[in-house]
Structures are given as structure tokens and as C-alpha cells.
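The two complexes that follow have chain A in common; it is paired with chain B in the first and with chain C in the second.
Let's turn to the complex of A and B:
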């Protein structure tokens, strides 16, 4: 085995988060940045996202997934960042020792000065939402179906029922239709759609695909291949109402029932996770609880815009560079906990350590609300306030604030959404 | 693919035909090859271990849960003792992790009309001692009673309602499908031939003796047939006129959890002691136990079903299992569920094994009604059936050329880094990770496809390598495994199936559904 390499920064995962972080680390002054990717190409999930809508914030342009990815891939190449494809990290320890494998190098070890976690997320499966029935061929998660069609050129089914109205489910309803498959309908257990409004309009309404809110799939029929699913309306407790059950013939069930940040490696290294996001607890530089390990993108929490993934990636890359270049000259200061206030499900970052800089908070609301105001409070003092006609859980909100500008503290940072009339 | 597995190449005669490629059929076939190479196994599915054998709880029971005096208990106790020898050379690991029977407060409710002292005397002394005595009487070795503190020391996550326990150290775990595959391959190494996708449709019986097995691929002349057809054993026996028993299918559902979350949750198998009247089902009660590969499983249920193919799981069953084990393991992480499946047991009306030569048809041996503890009893069942076969004419002399070893291909995830690097230098495909949840490499998939019993579909590859068995359940790797299967088998990807005919993974190529006059 070759000698242990000691890069200044190793980025794990080369999707939008990893690409952005590696570039930012390089541009912030690190000469030895290494990017590890388990797939055979760069870009993560973006190459399969051939629909448009990417880049409106970062590039102020409407791009497809592959176009968005390519811009970063070109920059990564120009920047001379070392890329290892087909490379799977087998182990990561809290002292930042990494064991990885690929067909060319075999099993090799790295001891980088910093790490950026950018492993993204995976799809929730049928068992995690407890859909009973048989286990035939033809039950597939929406992202996997997207990869099959757009990259492999293979159709997972001819007549599909889609469960879940998250963005991938909506986009796949349109995609399957455009490929000549029939989408019987999209079923959503909540009483509101799970995806962005523009996707409901552009992917369902434009193609006359029915959306059944407050519905779920209660049984998968077919021993060898899906033959039908039973669907039912759900009550307020989200439990199926048995007398509303109806059998829908189909050969495929596409599931779009949520994404889970992929933190198996983070756990191995002892990185503290936030039960609300499923990802690492980070501060404003995206530094995790483990010294020298940063995280960004969907491994931290599932974003709905790639542009914001990129933004967290750039923060993490810069944070890692600063950490390495300061080489421990600066002790990590005490952290202020960010509180998720009224109608806020979670906030990233969860901690603020250096209040003298501006911080962008990303958060989701718990329930839809009209005429609301998002606010950032530091020790009671309002540092950010913005009106919104409508807030919805699928649409993540960003609130930029500068806690250092507060008159006192900060001892407490709160992000909240208040109804307009509650003010005054 | 070996020539004998190609369609249409059934042999015209065989010394012994075993109907059913489950753990019982393959155990008997492997044991028979110690005496003769002239053995044929017929399996209607696309792989061995596709029926009850793939969907049980992987337990090598000790016999403690069986009724005294049954054939089941006798063969279970003996089978458990034989297991280490039985699996030697197969390359399949048997773990003897033991069974902890927990006696809890609810075993005898407080309102039972006895004083608290009497009740606790029963719970902490008489019941545990009774279990140990019962086990000893059945010939089970090593049973010992445990105090409450010892129970918690052994399994810190069990309910605080535990008051005492019994430890049964001979209880083991083994992957039932890996064992079945290994037995089938070992039989083939020693000359047996295994025919998949081959359905028995009848028998030729003349002068009260079996002459031939008729299949959908032709006829095999033989004078010895073993009927190990699992839930279909009654129908197979009836085809020969050698029946007289009824299999009434009974479904059992099991929940399987992410091993990264649950690997340490219980160390041994854990079951709760319940008085017979307190059992809600005909199951022995099931338990919480790790699989041979470290995932925790809860179950099974026991529900009578009409359909022998009913391997579905209902919402009620999932809820029932969670409810049942919530008491025993109160803090159990429900959301670590990664899979839920059912198997169908094959009980007879007598609820005991039916093993014996048919009186009506000479040369026809029924091995039926094999439900739990069938896996544990497999070695003893095979031994008993071999005795019957010898009496019916199977050679008695052990073969000097019997090969005792079935070589098992390496598993990347279990190797040292030095071994991994040696393999990657030999073939870079050893360094190409295909299934990231379970760290399975391309070479392992290729090896499975070209193994002695070739894996020709996604589930067959999964059973041999664990691809798609992890927390993402194949989301990331299914198309890669499908592509490797297509490449290695020389078939289009659209011909790749999940588990044999009728289960295509993909229904066409992109754009294929367009056209046909559509706008």
C-alpha cells in the first residue's frame, strides 16, 4: 500500500455540494484539495435532472441539471482539483482518517487537515412509510426511476401510480407522461402538495394528471410484478379510511415519500446530528461538532433549490480553508444555539459562533400560512424582517442577518414566522 | 451457465429425484451425494430457497419451544446438535448466540388471586426452573436460570418489567437462503444436478411403485422420489397417489431493521415467556433477534391464509408486531425499519412433521409439514430420510470421492485491507463498489452470476451478495446490478427479472412507449 496522503482538504461527494465546496476551498487558498466521488462521473444527482429550473439565484439563468453541474465541473477541472471517481469511502474516523477504495488505487488511506461532507441524501423506501402488500418488481423510488429513464434509457413502467407529491414525484409524473407511459394519478397523504407550486402547475396541471390530496396507498398487489395498488382517503390522523379504499390497476408504483440525508459516515466519525434535519449540527461556517469536519448541501438538510446547496457548499469550503490556514491558531469560540421559533420546523445553521459576520439562516415552516412575516431576533432585537404573502413547508426560506450588529449579546438567536396581524 | 441447467436438458433417468429446492430438499440431496452422485433436484422457481426457506427468521432453535414427544422436538434437538458438523465445509456461518427467555411481570397478572409473594415465587423461581427442567428432559444442554440483574446485564434494552429469565445457549442463527444455496452447490460439486424453473406435473406409478417424475420439461425415470415441496407437498403427494395429508398455509410476517441502528439492540435472540393461553397466535410467539448478518428482526406473526402464494404483509400485521414487541423492547427505534416480508409455513392438521415412505407408492418418500423448527431440524430430517432411502435401495456405502468442501467466494466487506488489495490487483472489479449500503463489489456480483447455482435474477444476486439489502433497498444499485446481469448473461437489460419469469425490472427502453399514432 502506498504512503498515507495528507491533503489539506478532502471533500466527500461530488454533487453540487461537493463541487462547490472543493472550488471554494481551492479559491480560498488551499492548494491541495481532493474530491472523492463514488459514482463514475461528477455532478451527483444533477446529470439525471434534465428538466430546467436550476441556477436562477447563482447564475440568474434557467439551466438544466447537467448544465448547472457542467459549469462547476469545468471550474473544478481548471482549478486543478484532484478528483477520484468510482471511489467509495469505507471508513471515516473522528481524527479525520479516511479509508477509501477504487479499482485503480485499491484500498488507500488519507489523513487530511480538513474534510467537507457532501454525501447528499437518499430516498425513503416503501417500508419506511410502511406500505403493506406484496414485494413485486415495479415498486421504485422517484429518483431511481429518474435515473433509469434519463441516464440508462430504461422505462421502469408503462402505467404508474405516484405516491407523494414532492418535487421529484411531480417531475416524474411529467417525465413518464412525456416518455409515453400513463400516470394514473399522484396521491399525497397531506392536505397540501409536497412540492413547489411551480412544479404542481407545470408537471400535473399542464398534463391533466390528477392530484389526490389526503390519500395514500394501502396495499401493493401482484406477486411477480405490480398489478394494482389500493388507494384510500386518509382521516385527519393520516390513517386510511377503509371504506374509501379503491383498487387502481397499474404496473408500477413510484414513491416520492421523502429524502434522508446520508450520514452513515458522519455517525462513524462521531459527528453530532440534529434529529430534526437528519444531518450534522453546524455553525455559520458549516463546521460540525468534530474539529476540522465541515458539511454542506443535502447531507446537512434537504434543500429544495440547488442554488442554496451551492451557497452552503461555498460557506463550508471557505470554512475548511480558513480552518486549515489558521492551523489551530484560533480556538473555536462558544456557540450560541439558534432557536426554531413560531411555525419554524428547523433552522440551519443550528449554531452561531462568530457573530461579527453575517449569517444566512435556512429554514422551513411547519404549516402553510398566509400573510406572514419571517423574523430573526437576537436577544429580542429584530435584525431581519420580511413580509411573505404565503409560506409553505415545501418552500425553504432564507433569512440573512448579522447577529454581531445586535446591541447586546448575542446570547439567543431566534428565527420565527409570525402572522401579520399578530404584530403591532 | 452449466449445460445441465439449460432448458430442455433434463436427464432421462436418475437414481434419486428430490422435488423442491428448499432447505429440506437441498439438505437431503446433499446428504444423498455422500452415497451416490446420481441425484436430481427439481425446483419450480428460478432459484433455490425461494419458498418458505427464504422468509423465515433464520433461527436454529434448540427445541425448547416444542411440545414434548413430538417428532418436531426430537428432530429439532438432534438437528441442533448436528449443526456444526452439518455446515462444516459449506462456507456458511452458524452463530450460536443463544436465546434469552425473559419472564416479565405480565406473565402472571397481579389479579390472579394469589399473594404477591406467591406470585413472585412463581415468576422468579418456579417458572424459570420449570423451563430449565423441561428443556433438560428434552435433551437440551446448557440451560440456566437468570436473575433480573443477569437479564439486564445480558440485554440492557429489555423491559424493566423483566423479573427473571432463562438462557438457552445452543440457540443459533444461520442465513437460511445462504445455507440452502450452499447445500445445493455442495450437492452439485458432488455430482447432483439441480434443475430450476422446472415444475413437477405428475408421476408415473406402476405396480404400486414410482417409475418416473413428469415435469413441464420432460420425464425422468426413477425409482426413488423425495417429496420436499414445502407448502405444495400435499399436492405433489396427491399427484402420485401418495398423499393423505393436508397442508394449510399459515403466513408469518417479519420486520427487518437497519443493522447500523439496531446491531447492538439485542445480542442474543430474545423472547418473552408467555403461558399458552396468553399467546395470541399459533406461533410459538417469535422474538426479537439479530439475523445471521446483524440486522435486527421482529416477528413472526401466524395467520391462516387461503393462498399458498400469499406472501403479502398487511398493515395490521405490521402494527401487531410493533405492538407485541413494544412491551419487550420499549425504546425500540421503529423508524429503522428497512424491510417487511412474509413467508408461508406448511403445517399439517397434526402440526407435526410428516416424514416417511409412502405405504401406497413404493419409492415415494414424503417430507412434509415442515414448518418451524424446520431449519433447525434440517440435519436430523436429512439423516432420517437417508435412513429411509437406504432401506428403499439407495447405496449404503459412503463414496470415497465425496468432496467435503464447497468453496465460498470471498466477501469484500469481511476482508482485511491487505486481502482486498491483493484481490483488486488481480482484478480491478474487486475495487468497484456497486452496492454502497452493504459494500458489495462488482466482482462479487459477477461471481454470484457465474456460481455453481447461477444467480440469474436480481433477488438471486441479492441473496448471494446482499446487493439491495441495505437501507436504500436497491435505489442506488438496482440498475447497476441489472446491467451486470444483462452483460454476464448475454441478455438485454429489459429481460432482467426481479425473481424469474413474470417479474421484469424494466418494461421497455425509453421512447419505446411513444409512437403508435400518439401525438
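Let's turn to the complex of A and C:
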């Protein structure tokens, strides 16, 4: 085995988060940044997201997924960042020792001064939503179907039912239709769509694909191949109403039932996770609970816009660079907790350490609400306030505040959504 | 006679609910938009709805079997399916440059269809 390499920063994962973080770390002054990617090329999941709608915030332009990725890939190549493809991280320890493997180097060890976690997320499967029935071919997650159709050139089926109205499911409803398959309908257990409104409009309304809210799949028929599914309306308790069951013939069930941050490595290293997001607890520099380990993008919490993944990546990359360049000269200050207030499901970052700098808070609401106001409070003082015509759980909200500008404290930061009339 | 149409703007994640009032095809008023893009979108959506087309074409000798392509500008919504069908019959040779024109003037719209990534030639994942 060759000598242990000690880069200033190792970024794990080369999707939009990893690419953005590696670039930011380099631009913030680190000369030795290494990017590890298990796939054969850079870009993560973006190359299969061939639809448009990316980049409206970062580039103020509407791009496809591959176009968005290509811009960062070109920049990473120009910056001369060391990239290791086909490389799988096997182990990451709390003292930042990484064991990885690839066909060129074999098993090798790294001891970087800092790490940025950018492993993204994975799809929830049939087993996680517990659909009874046999285990026939033809049950596929929406992202896997997307890869089949857009990268591999394979059609997963001819007549599909889609369970869940997440963005990838909506986009695949349109994609399957354009590729000549029939999409019988999209079934959503909640009483509101899981994906962005613009995707409901462009992907379902444009193609007359029905969306059945408050519905779920209660059985998958077929032993070798999916032959049909049983669908049913659900009551307020989200339990299926048996007398509303009907059988829908199909050969494919596409699941778009949510994403989970991919934190197997983070757990190994002892990184503290937030049960609400499924990702690491981070401060305003995206620093996790483990010294020198940062995290960004969907590993932290599942974003609905790649633009915001990029923004957290840039914060993490800069944070890692600062950590390395200031090593030993600064102890981490005490952290102030960020509280999720009224109608707020979770907030990232969860901690604020250096309130003198501005912080971007990303959060989701628990339930849809009309005529609302999003607010950031520091010890009761309102530092940010913005009207919103409508807030919905699928549409993440960003609030920029400068906790250091508060008259007192900060001892407590709260992010909340209040109804306009409730306001004092 | 005055008529009201509702649209949801698809240009950004805000998804503004737009209301357009017209009389005999003449647009009188657009409300509900948070920005100018939304106003313009409602008028376009009423007069001549357009969509960006994105799909894949076959590639010979590339690191991947498919190349993602996109229309350089939106085309009339009614032509989207035909455009995808036409592009599905195409095969291009690798390597392909990002932005390379794959099919000029699709269906006489004046809009070119371009590659939406770079696609290198030769074997895949053999490193």
C-alpha cells in the first residue's frame, strides 16, 4: 500500500453538492482538494435529470440537469481539482481517516485536514412504505426509472401507475408519456401534492394525467410481473377506506415516495444526526458535530432546488477552507440552538456559532397555509420578516438573517411562520 | 365579452397563480404575478403556449448509449410530442460537445435542438 495522503480537504460525492463544495474550498484558498466519486463520471444524479428548470437562482437562467452539471464540471476541470472516479469510500472515522477503494489505486488511506460530506440522498423503497402483495418485477423507484429511460435507454414498462407525487414521480409521469407509455394516474396519500406546483402543471395538466389526492395503493397484483394494483381512498387518519378500493390494470408501479439523506458514512464517524431532517446537525458554516467534518446538499436535508444545494455546498466549502487555514488558532464557540417555531417542520442550520455573520436558514412548513408571514426571531426580536401568498410543505423557504444585529443575545433563534392576521 | 383565465406560472419555484382577463382575444389585465416574467408567461400561455422540449437521442460509440438534448428555446406546446417522436428516430456519433446543434429548426419552428451535455467517445467505466 502506498503512503497515506494528507489532502487539505476531501469531498465525498461529486454531485452538485460535492462539485460546488470542492470549487468553493479551492477558491477560498485550499490548494490540495480531492474529490471522490463512486460513479464513472462527475455530476451525481443531474445527468439523468434531462428536464429543464434548474439554475433559475444560481445562474438566473433555466437549464437542464446535465447543463447545470456541465457548468460545474467544466469549472472543476479548469480549477485543477484532483478527482478520483470509480472510487468507493469504505470507511470514515471520527479522526477523519478515510479508507477508499478503486481499480487504479486498490485500497488506499487518506488523512485529510477537513472533509465535506456530499453523498446526497437515496429513494425510499416499497418496503419503507409497506405495500402488501407479492414481489413481482415492475415495481420501480422513480429515480431508477429515470436512469433507465434517460441514461440506459430502457423502458421500464408500458402502462404505469405512479404512487406518490414527489417531483421525480411527476417528471417521470410526463417522461413515460412522451416515450410512448401510458400513465394511468398519480396517487398521493396526502391531500396536497408532494412536488412543486410548477411540476404538477407542466407534467400532469399538460398531458391530462389525473392526480388522485388522498389515495394510496393497497395491493400489488401479479407473481412474475405486476398485473395490476389496488388503489383506495384514505380517511383523515391516512388509513385506506376498504369500500373505495378499485383494481387498476398496469405492468409497472413507479414509486415516488420520498428521499432519505444518505448518512451511513456519517454515522460511522459519529456525526450527530437530526431526526427531523435525517441529516447531520450543522452550524452556519455547515460544520457537523465532528471537528473538521462539514456537510452540504441532500445529505443534510432533502432540498427541492439544486440551486440551494449549491448554496449550501459553497458555504461548506468555504467553511472547510477557513477551518484548515485557521487551524489551531480558533476554538469553536458555543452554539445557539435554532428553534423550529409555529408551522415549521425543521430548520437548517440547526446551530449558530458566529452570529456576527449573516446566516441563510432553509426550512419547510408542516402544512399548507395561505396569507402567511415567515419570520426569524432572535431573543424575541424580529430580524427577518417576509409575506408569502402561500406556503406549502414541498416548497422549501429560505430566510436570510443576521443574528449578530440583534440588540441582545443571541441566546435563542426561532424561525416561524405566522398567519398574517395573527401578527401583533 | 370579458373572460377570465387562470394559469400557474412555471418559470420559477414560486409558482404564482396568475389571472388573465381578456375581451375577444384582447388581453386587458394580468394579476397575481410576483414579477414581470409571470405577466409575460400568462399572455404567452393565453395567445401561444410554448414549452421547452427535453429528450434523448441515440449515440453511437459514446460512453453512454443516450445523449440528452434540449430545444434552445421553447416551441409551441402542440408540437412537443411530435418533436420528441422525430428526435427518437435520430442517432448521433460520439464525441458530442456541450451545446452542439443536433437537429436544426425542429418542425419548422426556427428553434434548434442542442446537446445538453458533453459526451465523450469510447469505453465506459473501465478505469
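Just so it is clear, the second predicted complex is superposed on the first by the 424 of 424 C-alpha atoms of A that agree within 3 Å, B and C clash if a C-alpha of one lies under 4 Å from a C-alpha of the other, contacts with A are read in each partner's own complex, and residues count from 1 in each chain.
The rule we apply is simple: a contact is a pair of C-beta atoms (placed from the backbone, for glycine too) under 8 Å apart; a residue touches a chain by one contact, two chains touch by 3 or more.
Remember, it's a predicted structure, so these values are computed and weren't measured experimentally.
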Which superposed partner A:238 touches (first chain B, second chain C, both, neither): neither
Which of chain B and chain C A:4 touches, first, second, both or neither: neither
First, second, both or neither for A:419, with chain B first and chain C second: neither
Which of chain B and chain C A:152 touches, first, second, both or neither: both
Partner, of chain C and chain B, that touches more residues belonging to chain A: B
First, second, both or neither for A:371, with chain B first and chain C second: neither
Chain B versus chain C as contact partner of A:102, first or second or both or neither: both
Touching partner for A:86 - first (chain B), second (chain C), both, neither: both
First (chain B), second (chain C), both or neither touched by A:66: second
Set of chain A residues, in rising order, touched by both chain B and chain C: 86, 102-104, 149, 152-153, 179
List of chain B residues in touch with chain A within their complex: 260, 309, 311-315, 317-318, 335, 337-341, 417-418, 420-421, 424-425, 428-433, 436, 439, 458, 471-476, 478-479, 483, 493-494, 497-515, 518
Complex contact set, residues of chain C against chain A: 8-13, 15-17, 51-52, 54-56, 58, 63-66, 68, 70, 77, 80-81, 84, 88, 98, 116-118, 124-125, 127
Complex contact set, residues of chain A against chain B: 1, 38, 86, 88, 90, 99, 101-107, 122-123, 125-128, 130, 132-137, 140-141, 143-144, 147-149, 152-158, 179-181, 218-220, 223-225, 240, 251-252, 264, 267
Sites on chain A touched by chain C in the complex: 40-41, 47, 50-53, 56, 62-67, 69-70, 73, 85-86, 102-104, 149-153, 178-179, 196-198, 200-202, 206, 304-305, 389-390, 395
